[in-house]
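The data blocks that follow each hold one structure.
Next come two complexes, and both contain subunit A; in the first it sits with subunit B, in the second with subunit C.
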Partner chain A sequence: MIHICDVPRYHAISEDELKQMREKHVLLRSFSYEKTPLERGYTDKILTVDLGAKEAVVSDIPAEVKEKFIGGKGYCLRYLWDAVNPSTRWDSPENEIVMSAGPIAGITQYGGTGKTLICTISPLTDIPVDSNVGGFFGPYLKFAGFDALELKGKSETDVIVVIDATTGTITFEEAPLEHFDAHVLCEELTSLYAKDEKDKMNVAVVAAGSAADYCNMGMLNFSFYDPRRGVTRLKQAGRGGIGRVFRDKRIKALVCRIDGVKANLNHVADIGLINKTGVKFHREIANNDIHQNDMRGVGTAYSLRTLADYDIVPTNNFKFGDAPGIDEMTAAVFKKDWLTQGAADGCWYGCSMACAKASDHFLLKTGPYKGQRVCVDGPEYESAAGLGPACGIYNPQEVLEINFYCDTYGLDTISYGTMTAFLMECYERGILNRERTGGLDLSWGNAADDLELMHRMARNEGFGKIAALGIHKQKAYFAEMGWGDLAEMNDFGMEQKGLEYSEYSAKESLAQQGGYGLTNKGPQHDEAWLIFMDQVNNQIPTFEDKAEALYFYPMFRTWFGLMGLCKLPWNDIVPADNALTDDPKMVPEHVENYLNLYYGVTGKRIDTKEMIRQSERVYNFQRIFNIRMGKGLRADDAIPYRSAGPVFEDEYLWREERYDTQLVELAGYTPEQVKSMSLQERMAATRKFREARYQTLIDAVYPKRGWTLNGVPTVEHLRELGMDLPELLEVIEPLLAKEGV
Partner chain B sequence: MKRLIKDESLCIGCHQCEAACAEAYYKTSDPAFACIRIEDREIDGKNRPIIHVCDQCGKCAEVCNSCVIQANPGGVYMIRKKDCVGCLMCVGFCPEQVMVQSDERLEPSKCTACGICAKVCPTGAIRIAED
Partner chain C sequence: MILNYREYKSWREGLTVRDVIEENTFTWPKLVVKRNGTVIWPEEYGSTVLDETDDLEVIHLLGGG
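Right, the complex of A and B next:
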């Protein structure tokens, strides 16, 4: 086991190198601004940065925007809506990247309170995507005087934008000598803008990576400096290709520098309540974590073996749910051999859950940094499962190396993992071969060629250009080339709305099928992570329970994104007596904590009903935003069949007994009928039943959400929420008229 | 290494140590503001208090992600308050629950092994040891 005490500090960049970089910086434009202090979690200011005009403008956030959109994702969507029109695409100059941390973000006393929400029109989905990320930038942006940041227009050259709250200046600079890959660039900029070693804590950097220039799954890294290791660490706003938009605007990096963090920069309404709630939470983690999920020891990858036991790990492109190789990458293995123990691994201050684990001085075996020793983030469950078992890879060293390169190149580990798994299945099925891949052998488990594929993506070379498209466009391309059948690829290509699935095989969880299919941004679990609740803990057993959960949890979980909160401290570790409460799956004590934090910061007392209403306003706004952009109706909530059932014969045979039994117990066949049916007939019957069940689920969920059966929010529902805004009605009224509503 | 050590068999539960500590650093006699905690416990009809003291175990320093708690040359863990972000993780993780958090201040405080508590202890149940 590796303990933080035994981990040598990382080497700092030499003064000579920094001097050379600094000397080559070109100041393009500079603006002064007066910093607005926070009051009860808000500055009520937004900073708009126009990359094309090199302008920085500070504006007031109107009271009605604050009232209806609260902050975080709400602000991001509101300002993005105003910037774009129905024909805007990801690379249109008017497309914006909007970031906002939310009113609770930046308190230091409670776990998971440093999230930044980011929205843009996605290159993968052509609709708004929202992604959330830890690290310093969002809270520092607040401390610098801004509740939100809009990035619009396009620069002609690569620029960095520096928000320096210590001097009240915003500058556009060229920084030609700095690298593009995030682990180096963030370290360089942290060192360049900090006065000294101690001041590195006060610098936050946002950067993509060299592959984000070409790849639709490009993501954004957010830095946080780790004074114990002496290294700038990274967290990722992974989903939906925000990094690609960032680089299309020719932003090399954003830097935010502040004087320092103190306990009450949010100038909250009731610091005593926040202190009390925070200490209670920390004590709970101190006492319970090791007996529950050991988040402090392993992070979210703790769950791999448990999920595999329920056939949930998406082995071989979600074909199966378990494989013996998973035993090679259990929590115990990561803890023993790879992840540094005893470190304070929170990605924001006060996160005692500390799940941002790291593998230190990891020796790279491939690529441009081959032979170097680096700090690798995670891997989190999603990264471990997607980069590993989904591609038939079970070697932790290989998973960590792929994880490292995804991060530094600016590629979303989830999209990259699911996409590579799709390519590997295409390879297995002969849709791809060595000739078509430019010599790459994409057989299951071939980590070397997996990595080579990624290096080619970063260099924009050969088949790397095809990989850069993402599954949705790959399917069309392979069909157009006559390599594969589109209908078949639609069945096993794990994307919906253009976004690659995150890493849960949902075949045996109807709730999670809906949890993926009925999302706003596409199949990401953060909106409705129901699989544990449904399949592992059996807390929503009936059809009605599942339908209700698909109304309630997306709204409940949206609230975290309005506030700038991480969802993990809600239910990954729970109070010791949680099982004895009326509703253990809700973790009532933690919900009470969140209501107290909201009151403590803003001075406004709300209950869970108002919590849901706050979310519902934004959730429905996002749904209508999708409709406005052309992808928000029932047809768009269809899912690839693999998410619901077995596509191929070997997949059915892998759990033949289960599927046969379900034909009797759920689909109404007699045992004799099933016995007499051929494999193909049983597969067809299973498919018919499962696809119909998904449609029945939609029929039950949409009305609960206040939507028509075509998935359109009704005027009545919007009115009830106070969201009958003219611009929303303009989008939905023609559709409602068509439905006769 | 300098630290506070205890002999519970000598403790009579007078709580003077708590009052002295709280008075010295927070100008109050409220034991909630003391970096020593006497837990009254009755056994066989007699008060057999448990003494909770900081033994400089360093857990507070381990959980601090700003690295502002560090041992001085004497082995006493000190908080560099100027740089402390007030996250209170140290307070929550202290195994003896003897760190102090006050809503009047942005940073918590901990035992510095100053000996004020030991000086007022009438029985010698707590004392400063240097080894």
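Right, the complex of A and C next:
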């Protein structure tokens, strides 16, 4: 086991190199501003940066925006709506990237309070995507005087934008000598803008990576300096291609510098309550983590081995749910051989959950940094499952190397993992071959060619250009080339609305099929993770029960994104007496903590009902935003059949007994009928049954959410929420008229 | 015996909570176990013998982001 006290510090960049970089910087434009201090979690200011005009403007956030949209994702969506029109696409100049951390973000007394929410029109889905990320930038932006940041227009050259709260200046600069890959660039800019080693903690950087220039799954890295290791580390706003938009605007990086984090920069309403709530939480983590999930030991990858026991791991492109090689990459293996133990691995101040694990001085074997030793963050569960079992890879060293390159190149590990798994299945089925891939052997488990594919994506070379498109466009391309059948690829290509699935097999949980399919941005589990409640606990057996869960959980979980909170401290570690509560799965004590934090910061007392209403306003706004952009109706909530059932014969035979039994117990066939049916007939019957019940589920969920059966929020529902805004009614009224509502 | 609101067909004399957890590969680290509505703590899994009429809940708590 590797302990932090045995890990040598990373080498700092030499003063000579920094000097050369600094000398080549060109100041394009500079603005002064007066910093607005935070009051009860808000500055009520937004900074708008126009990359084309090289202008920075500070504006007030109107009271009605604050009231209805709260902050975080709510602010992002509101300002994005105002910037775009139905014709806007990801690369339109008017498309914006909007970031906001939310009112609770930036407190340091409780775990998981440093999240930034980011929205843009996605190159993968053509609708708004939201992604959340840890690291320093969002809270520092607040401390610099801004509740939100809008990035608009396009620069003609690569620029960095520096928000320096210590001097009250915003500058546009060219920085030609700095690298593009994130682990190098963030280290360079942290060193350049810090006064000294200690001051590196006061610098936050946002950067994409060299592959984000070409790849629709490009993401954003948010830095946080690790003073113990002496290295700038990275967290990722992964989903939906925000990095691609960032680079299309020719933003090389954002830098925010402050003069230090103090205990009450949010100037909260009741610091005593926040302190008390925080102390209780930290004590709980200290006592319970090691007996529960061991987040401090291995982070979210703790669940890899155990999820395979429930057929939930997305093995071989979600074909199977167990994972034959999983014992080679269990949490115990990562803990023993790869992840440094004993470090305060929080991605924001004060997070005692400390799940941002790292593999230190990891020796790279491929690519432009071959032979170098680097700090690899993670892998988190999604990265490990998507880059590993989804592609038939079970070697931790290979998974870590793929994870590292995804991060530094600016590629979303989830989209990359799911997309590569799709390509591997295409390869297995003859849709792809060595000739079509430019010599790459994309057989299951071939990590070497998996990595080579990614290096080609970063160089925008050969088949890497096809990989850069993402699954949705790849399917169309392969069909157009006559390589594969589109209907068949639609069955096993794990994307919906254009976004690649996150890493859970939902075949045995109808509620989770809805948890993926009935989302706003596409199939990401952050709205609802219902697999255990449904598949294992059997707590939501009826359509009505599932619909209630698919109403409540997306609303509840949206609230974290309004506040700037991480969801993990809600339910990953729970109080020791949680089992004795009325509803252990909701972790009632933690919900109470969140209500106290909200009151402690803003001075406003809300209950869980108002919590859900705050979310519901924003959730419905996002749904109508989707409709405005051309998606967001029932047809767009269709899911690939692989998400609901077995597509191919070997997939059915893998759990033949289960599927045959379900035909009798759930689909109404007699045992004799099933016995007399051919494999193809049983597969067809299974498909018919499973596809029909997904439609029945939708019929139950939409009315629960206040939507029509075509998925359109009703005027009555919007009125009830206080969201009957004219611009929303303009979008939905023609559709409601067509439905006769 | 009922397990998670379904009939448990593998009940036998002497069956314990630990047996049920192992037979069903319930390896998830955060379980809430209730027999007839009363919480059974992990240290009691091996010594809690289940009756044919028992209603057992093995609730897996959520996790992840």
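Quick note on the criterion: the second predicted complex is superposed on the first by the 731 of 741 C-alpha atoms of A that agree within 3 Å, B and C clash if a C-alpha of one lies under 4 Å from a C-alpha of the other, contacts with A are read in each partner's own complex, and residues count from 1 in each chain.
Here is the rule we go by: a contact is a pair of C-beta atoms (placed from the backbone, for glycine too) under 8 Å apart; a residue touches a chain by one contact, two chains touch by 3 or more.
Every value quoted in this text rests on a predicted model; they were computed, and no experiment measured them.
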Go through the superposed model and pick first if A:Tyr349 touches only subunit B, second if only subunit C, both, or neither.
first
Quick check on the superposed pair: does A:Phe281 touch subunit B, subunit C, both, or neither? Answer first, second, both or neither.
first
Quick check on the superposed pair: does A:Pro541 touch subunit B, subunit C, both, or neither? Answer first, second, both or neither.
second
First (subunit B), second (subunit C), both or neither touched by A:Pro86:
neither
So in the superposed three-chain picture, is A:Tyr381 touching just subunit B, just subunit C, both, or none of them (first/second/both/neither)?
second
Just to be sure I read the superposition right, which of the two partners does A:Pro726 touch: subunit B = first, subunit C = second, or both, or neither?
neither
A:Pro324 contacts which: subunit B (first), subunit C (second), both, neither?
neither
Let me test your reading of the model: by the given contact rule, A:Lys585 touches which partner, first (subunit B), second (subunit C), both or neither?
second
Do any residues of subunit A touch both subunit B and subunit C, and if so, which are they?
none
Interface with subunit A, subunit B side, in the complex: residues 62-67, 83-89, 91-93, 97, 101, 103, 106-107
Okay, in this complex, where on subunit A does subunit C touch?
292-294, 300, 302-303, 305-306, 309-310, 381, 525-526, 529, 532-533, 536-539, 541, 566-568, 571-572, 574, 578-580, 584-585, 587
The subunit A residues in contact with subunit B across the complex are 108-109, 198, 201, 226-228, 260-264, 271-272, 275, 278-286, 342, 344-346, 349-352, 354
Sites on subunit C touched by subunit A in the complex:
4-6, 25-30, 32-34, 39, 41, 57-65
